[in-house]
Amino acid sequence: MDGYPFVHSEHVRFRDLDAMGHINNAVFATYIEQARVEYLASLNVLDRPVYDQGAESMILARLEIDFRAPGDAEPDMVDIGVRPASVGRKSFTLDYRLEQGGELLAEASTVLVSYDYERARSREVPDDWRNALERPGPVNA
Amino acid sequence: MDGYPFVHSEHVRFRDLDAMGHINNAVFATYIEQARVEYLASLNVLDRPVYDQGAESMILARLEIDFRAPGDAEPDMVDIGVRPASVGRKSFTLDYRLEQGGELLAEASTVLVSYDYERARSREVPDDWRNALERPGPVNA
Amino acid sequence: MDGYPFVHSEHVRFRDLDAMGHINNAVFATYIEQARVEYLASLNVLDRPVYDQGAESMILARLEIDFRAPGDAEPDMVDIGVRPASVGRKSFTLDYRLEQGGELLAEASTVLVSYDYERARSREVPDDWRNALERPGPVNA
Amino acid sequence: MDGYPFVHSEHVRFRDLDAMGHINNAVFATYIEQARVEYLASLNVLDRPVYDQGAESMILARLEIDFRAPGDAEPDMVDIGVRPASVGRKSFTLDYRLEQGGELLAEASTVLVSYDYERARSREVPDDWRNALERPGPVNA
């Protein structure tokens, strides 16, 4: 997980498997979402959960996943590295790396748009978000 | 759904909603998967379900989704248009358009690699698949 | 579906299958929930979706499912019959029958407690709910 | 978790929440399933995963859940205690207790039938299963 200072680990559930015994592709999106929620919480700039809608919210605008290997039931943890890739005026991009037992499962990327639900429109990325996203160094151990 | 000869409709379940009351982003991947399964079955070139692994199988190599509007519980159907975008030597690309009540929810694309599970390696797209994918005109009504 | 005046049909998704190729047991709970949402909406006594929390809400207090046969990918629809079994002072019981292609998959039952989220306590089943639940005859065709 | 020698903990995912912000009832079934899979694996009497179908398999015949409190996003772990309740000739019953942050969320019970998929019929609970299920004392710490 070189270059991924933040890593969230998710337990593979039997329900995550599909009829081929592989981790279903939609579950990759769930693992990525969970890692994103944990990463954004770790930035300590949100005064409430990321999914609470208000003046300071964000919208998932784009998701891309490159699947590199099928995931299986074992080993039973999937590690999801998260890192900020770029911060624009109204949006930012996070990159992800999914590994299972040290093997690369997928690489992914999401674009998140800063959004004000109360006014129902996009808005500039707040300075404290920008600072947190651009802060160097490890976020978790 | 202009340009999408094949359209699959999926019923929005309460379980598809997230804590914001929107259709969760991972569920978009599930809708897309279901439309893909139905589309591939409609081509009539597979002698068994697409998820049966054998000499004639395919692997999802890439998924990209551009979210255009949040999906809601109502109207309770999401329409997913599918069309072949390109057919390469060992892979092909399908494009998707998701609408709810005529409103655009998302545009998406997947790359599928032709794969032989028995030999554990990619292989050329079979001719009958290629012919079916390149066949013009409406696939379903 | 004798004795089940209300029947909701749900499309089986590839994502509903587990690693054995069967409809996962938790998905039965989802089918039952969806049929319940549709059934309660059909009673026309709620002025908003059943999952909106307020003075007139209900809580799922108990779920029991007897699995009679494994569900499969085909036929691709599961029919879920719903009927009121009994109405108590503060709760009521709904019974369910799940069939796939005419074959019995499961029988189920739920207890729902009438609840006032604003006051955070159970309350009597409102008269209009009681009347609707005890109304005889077919609810949908 | 008095009386529950085996406890499995599952991380609450954002995807586990429903539109009310509560852990969805079907996800309780998934937590219970996951704890069951882990518990059965801990008995060390199966030579392959419980969901592999063969001569020594089991079928979920009944699930009942009594919901005691809504589950939330926080605290982010749900603990699921599992214990054998009774062992019959061809089936056995497991009891479950779900807690979040020490608070009781639900009590549950499942009946599992010993099944031979190759012969497509129920069969007696194998002696080594029976012995493992009836073995006293803590299974995990």
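Which chain is which? They are A, B, C and D, in the order written, and residues in each are numbered from 1.
The rule is simple: a contact is a pair of C-beta atoms (placed from the backbone, for glycine too) under 8 Å apart; a residue touches a chain by one contact, two chains touch by 3 or more.
All of these numbers come straight from a predicted model, not from anything done at the bench.
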| item | value |
| --- | --- |
| Chain pair, C-D or A-C, that carries the greater number of C-beta contacts | C-D |
| Whole-Å gap separating chain A and chain C, where each centre is the average of the chain's CA atoms | 35 |
| Where chain A and chain D are represented by their mean Cα positions, the distance between them in whole Å | 30 |
| Distance between chain centroids, defined by C-alpha means - chain C, chain D (Å) | 24 |
| Residues of chain D whose C-beta touches two or more other chains | 14-15, 18-20, 24, 26, 30, 33, 51, 73 |
| Chain-level touch network, classified as line, ring, star, complete or other | complete |
| For the chain B and chain A complex, residues of the former touching the latter | 18-20, 24-30, 33, 51, 53, 59-67, 70 |
| Residues of chain A that touch chain D when the two form their complex | 10-11, 13-15, 30, 33-34, 37, 49, 51, 73 |
| Residue numbers on chain B that touch chain D, as the complex places them | 14-15, 17-21, 24, 26, 73 |
